[in-house]
Amino acid sequence: MPTETSNLAPMGSTPGPQLTAPGRNPEHAVHGRSLRRQKKMGNALMLLFLSVAALIMATPFLWMALSAMRDPTEMAMVPMPLIPQDWRFENFTETLERAPFGIYARNSLILASAAAILNVTFASACGYALAKLRFAGSKFVFGWIVACIMIPFYATVIPVFLMVRHMPLFGGNSIFGQGGIGWIDSWWALIVPGAVSPFMVFLFRQFYVGTPTELIEAARLDGVSEFGIYSRIITPLIRPGLLTVALLSFEAGWNNFLWPLLVTTSENLRVIQVGIASFRQEATTDWHLLMAGTTMAAVPMIVLFLIFQRYFVQGFAASGIK
Amino acid sequence: MSTTTAPRTAGAQAPAVTRRRSGPRAAEARWGMLLAAPATIHTLLWIGIPIIVALVLSFTAYDVVSAPRFNAGDNYAQIFQDTIFWKAVVNNVIIAGVGIPISMFLALVFAVMLNRAIPGRGIFRVMVFLPHITATVAVAMIWLWIYSPSSSGLMNTVLGVIGIGPLPYLTSPSLALPSVILVTIWQGIGLKMLIYLAALQGVNEELYEAADIDGANFVQKFHRITVPMLKPATFFILVTSLIANFQTFDLIYILTEGGPANATNVVTYRIYQTAFQEFRFGLASAQSIILLLMLIVLTFFSRRIVGGTDAD
Amino acid sequence: MLSRRSLLSAAGVTGVGLTAAACGSSGGGSSSDGPVDLAAEATELSGEITLLTPDFTGDARQGLDDMIKQFTDQHEGLKVKVDQVAWDKLNEKLSTSIAGGLVADVIMTGVGWTPPFAHKKIFAELPTDYVDGLGLDEALLTSCRYEDKYYSLPIGMDLRFVVYNKDMFEAKGITEAPATMEELAQISEELTGDGVVGFDLLTKNIRQGWIHMLYAFGGTLFTEDGLAPAMQEEPGRLATQWILDRMDEGAIDYNLQAAEGQPTPFMQGTAAMQLVSTADWESWKDMAPQLTEEGAVGMFLLPGGNGNDPVMFQGGTMVSVGQRSQNTDAAAALVKHLMTPEMLAAGNAATGKVPPTADIPDTPEITDNFLTAFALEHLDKAGAAEGGSAAWMEIRGNLQPIIEACLTRQADVDKTLADMEKLATDAISRL
């Protein structure tokens, strides 16, 4: 296992040239001091910009979180107060009581976890093969994967539905897929069609392309098997990539709405977003509950992201075996 | 090696050598196919077959209720005359042409800044990523509030400070599309930043150190080192953003329902309308095929724009 | 080893086979001619049936479950499974389930959906004598018919009329509700000013608001047989022109629309009158409870123009039996159960939608809700409705952009009406 490069100081945070001792070269010393000041001011400016920009990015979400604790009558006030005047934490409990969110959350968790695990496993394998291995048909597979991303959901939803419904030997179907309901209203229908996303394959390939081929050659000479190279040597190098795909797949599974709605009829297979959608009715919208529900649904994702992003640190990916 | 074998078997010495060379190569090829197989088979099954079905259906009139009825190229002929469809395409192109570059640039700036060790970096990253995590439905409804045409709507309040009068963002035919573009930019930055961040981890530190020694400033380093090193990531983000752009649906559905008067109608919404509101699945399939062809062409063009990147 | 070619051909064969399956599942189903049988004995019914509904979400679900329990208690051996879908996803759910041959046994849809789905043989015919026996208002029954037979029943209505701000009326010295369109135009103009818009017509739904106006001027969307458009005739012209004139005066503001879930201008005091729906009661209770107090607002039916009678617009939920159901007897029995007065009252209590008849046990939801009470009083005037043609599903989505183009001055009245006519004629020709 190659050693990872140490966590070098990120660029810009240390003053200029460290290679000359201070005092040895007066010009450099002066240069270094003003550079230091420049960098400090640059840092401060950057922090200011970041604060403002990030605040703008997050404002709608903050507004949503605030509204989640708001009394509905405040929505009709003109102008609507920014901070809720009447903090209503009951919104959260009320939301949870409206629909069996416990079941929904469990289902979403299963769906999202399955999506993350399956994608990380199979998409990484394919991405690695496309990036680093030479085999017949690899160009075709790559082109095919990219083409897959381009296909709009609504174009394929009915054929996929038909496939799920006519799955042979499931749900009472004959060997020709007739007579029963196939995978409808079952976990198979929820998990299998989206198990491997072509987007993730493409993304993985992108990460793998950046890994050093010399490592692979060296490992081959050492007699490591191809699978061993993939699993034990190269894949650990792209940990940010693994985390990215896991995070994105989890998020997609967590927020999935339409497909679960179409292939299930039972309440105990429904997902969180379906529950939240029930706050949007034809004639009215229970705003405070909708906001509360969405805020609560977003919290696990935020926590996950906060945890994972710690690994996106300079130098985490090996930059070589030098 | 014995040379008593006839010249017919020229290369009697060769077998020993080629066998050694073909061994690892064969293993590589074998494993290549094995590793790629699950994903390939899965997509061929769950995307390939549906697309073939869609292709077949695109030559029929199919309203779900009765069996598909073959109607040759009628659907395609209709599409070429469907002004709403082409308006939707133009809208998509505008959204992509304006929204994607801005979104990518901002994402890159954020990624570079948030790659450094600054206090609260994790919080900043989360804040930029929040739009992506939050379900699109909720996001769209919040923006409905922000874009409220009354003078108390958030956007109007903010713009009112610099004297821009209350504007009807989503009901004005001229303002609706720009308003939607702003939301797509806002929503798209997070994912792009994430990918750039991941890609930045692979940029060699020593390059920056060398530049520091030469006295390069932040902008120069950005321009000469960061951007070129991120070309593969840029290409990836460009292609996937283009494709995602042509698949925007939920946002438009809730913000404007394609209005006013089709000012914000986009291709996926048109396909949805054709398929699920008008129950004309044959036509919708044809529209999807046309969309697919357009995206394939666009991807080719993107490669030209970003330039051939390694192993692409 | 799987070669590229063999993989592709396998995919191709499966694809064709799938299309064949689509043909197969679409055509099948037990479809018997003639209306469903409602006389089946309770004890004979057994099996499991599915109910597809976009209503009864959230809290109201308990109400539905109770209503169903009362049904299954009477029919042991019968189970009911509820498939609940969001309103804006009902289209997708129905199409995919039809394509897959798995349509629910009892289906709830919207007003205007009946002729198209009856035409497609998705809805089963309901016996005429049974429907007549329910004693529902003729105005409500028109939406249930296709080719003179009944295919659905109204189960929870959403009716629309005008509410007004009493204080603003007093301030301008208006003492009577307008009886004609001309009077409405006049007072709209009078009430406009000082940050207040006279009449909010468009907030609920632009297309439906326009259709309401069309009927107010004596027009209809389609001819009697639903095979030709009638919206482009003189009443349509008058209606469109009326709206444009009010916009010119400032009495109607196109941009003053409340987006989904937001408080309406009327609730915020920036509109003097609004075309509301009985369903708005819920959001009034949540966001502006002061409006729900006795006598807080005034109400009147949308007056007729050009010498016509006032008219109420009907939206809401209709219930039907699926033609392809494997258990039409049980499905029909469930529908029959849901239409009994007690169940209609229970439905109203749960969803807040107006029952299709006033002949039901009184519940506090009805007596306290003065919007519903007003609607029930004038049920016979509920003449305006969407639909009326088997091609309606194809038409309705594209009608709104045409109206919007007119109201945003991108198309004049003539072009708008011509576009509407063309849209409708094209869609009908494809039937």
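First chain written, first letter: the chains are A, B and C, and each begins at residue 1.
One rule holds in what follows: contacts are C-beta pairs under 8 Å (C-beta built on N, C-alpha and C of every residue); 3 or more make two chains touch, one makes a residue touch a chain.
Since we're looking at a predicted model, the values are computed, not measured.
Asks: Between A-B and A-C, name the chain pair that shares the greater number of C-beta pairs in contact.
Replies: The comparison resolves to A-B.
Asks: Would you mind checking which chain's C-alpha centre is most distant from the centre of chain A?
Replies: Looking at centroid distances, C is the chain farthest away.
Asks: List the centre-to-centre spacing of chain B and chain C in whole Å, with centres computed as mean CA coordinates.
Replies: Chain B and chain C have C-alpha centres separated by 38 Å.
Asks: Measure off the straight-line distance from the CA centroid of chain A to the CA centroid of chain B, and report it in whole Å.
Replies: 15
Asks: Determine the centre-to-centre distance between chain A and chain C, using the mean Cα coordinates as centres, and give it in whole Å.
Replies: Inter-chain centre distance comes to 40 Å.
Asks: Of all the residues in chain A, which ones touch at least 2 other chains?
Replies: In chain A, residues 78, 137, 158-159, 162-163, 277, 280, 285, 290 touch at least two other chains, as defined above.
Asks: Provide the list of chain B residues touching at least two other chains, using ranges where the numbers run on.
Replies: Those would be 33, 44, 48-49, 53, 64, 141, 145, 150, 275-276, 281.
Asks: So which stretches of chain C touch two or more other chains?
Replies: Each of 18, 22, 88, 92, 95, 99, 260-262, 268, 270 in chain C touches at least two other chains.
Asks: Would you tell me which residues of chain C are touching chain B in their complex?
Replies: 1-2, 7, 11-12, 14-16, 18-19, 22-23, 26-27, 88, 91-92, 95, 98-99, 116, 120-122, 254-257, 259-262, 265, 268, 270, 393-394, 396-398, 400-402, 404-405, 408, 410, 427, 430
Asks: Taking the touch rule as given, give the residues of chain A at its contact with chain B in the complex, in rising order.
Replies: 5, 8-13, 16-17, 19, 31, 35, 38, 42-43, 46-47, 49-51, 53-55, 57-61, 63-64, 78-80, 122-123, 125-126, 128-131, 133-138, 141, 144-156, 158-160, 162-163, 192-196, 198-199, 201-203, 206-207, 209-210, 220, 225-227, 230, 240-241, 243-244, 247-248, 251, 255, 257, 273, 276-277, 280, 285, 290-291, 294, 297-298, 301-302, 305-306, 309-310, 312-317, 319-320
Asks: For chain A, which residues are in contact with chain C within the complex?
Replies: 72-73, 75-78, 98-99, 137, 140, 157-159, 161-163, 165-166, 177-178, 181, 184, 258, 261-262, 265-267, 274, 277-290
Asks: Which residues of chain B touch chain A in the complex?
Replies: Against chain A, chain B makes touches at 24-25, 27-33, 35-36, 38-40, 42-44, 46-51, 53-54, 64, 106, 110, 113-119, 122-139, 141-143, 145-146, 150, 152, 154, 157, 186, 189-191, 194-195, 197-205, 208-209, 212-213, 215, 217-218, 221, 232-233, 236, 239-240, 243, 246-247, 249, 267-268, 271-272, 275-276, 281, 284-285, 288-289, 291-292, 295-296, 299, 310-311.
Asks: Spell out the part of chain B that touches chain C in their complex, as residue ranges.
Replies: For chain B paired with chain C, touching residues are 33, 37, 41, 44-45, 48-49, 52-53, 55-57, 61-68, 84, 141, 144-145, 147-150, 168, 170-173, 253-254, 257-262, 265, 273, 275-281.
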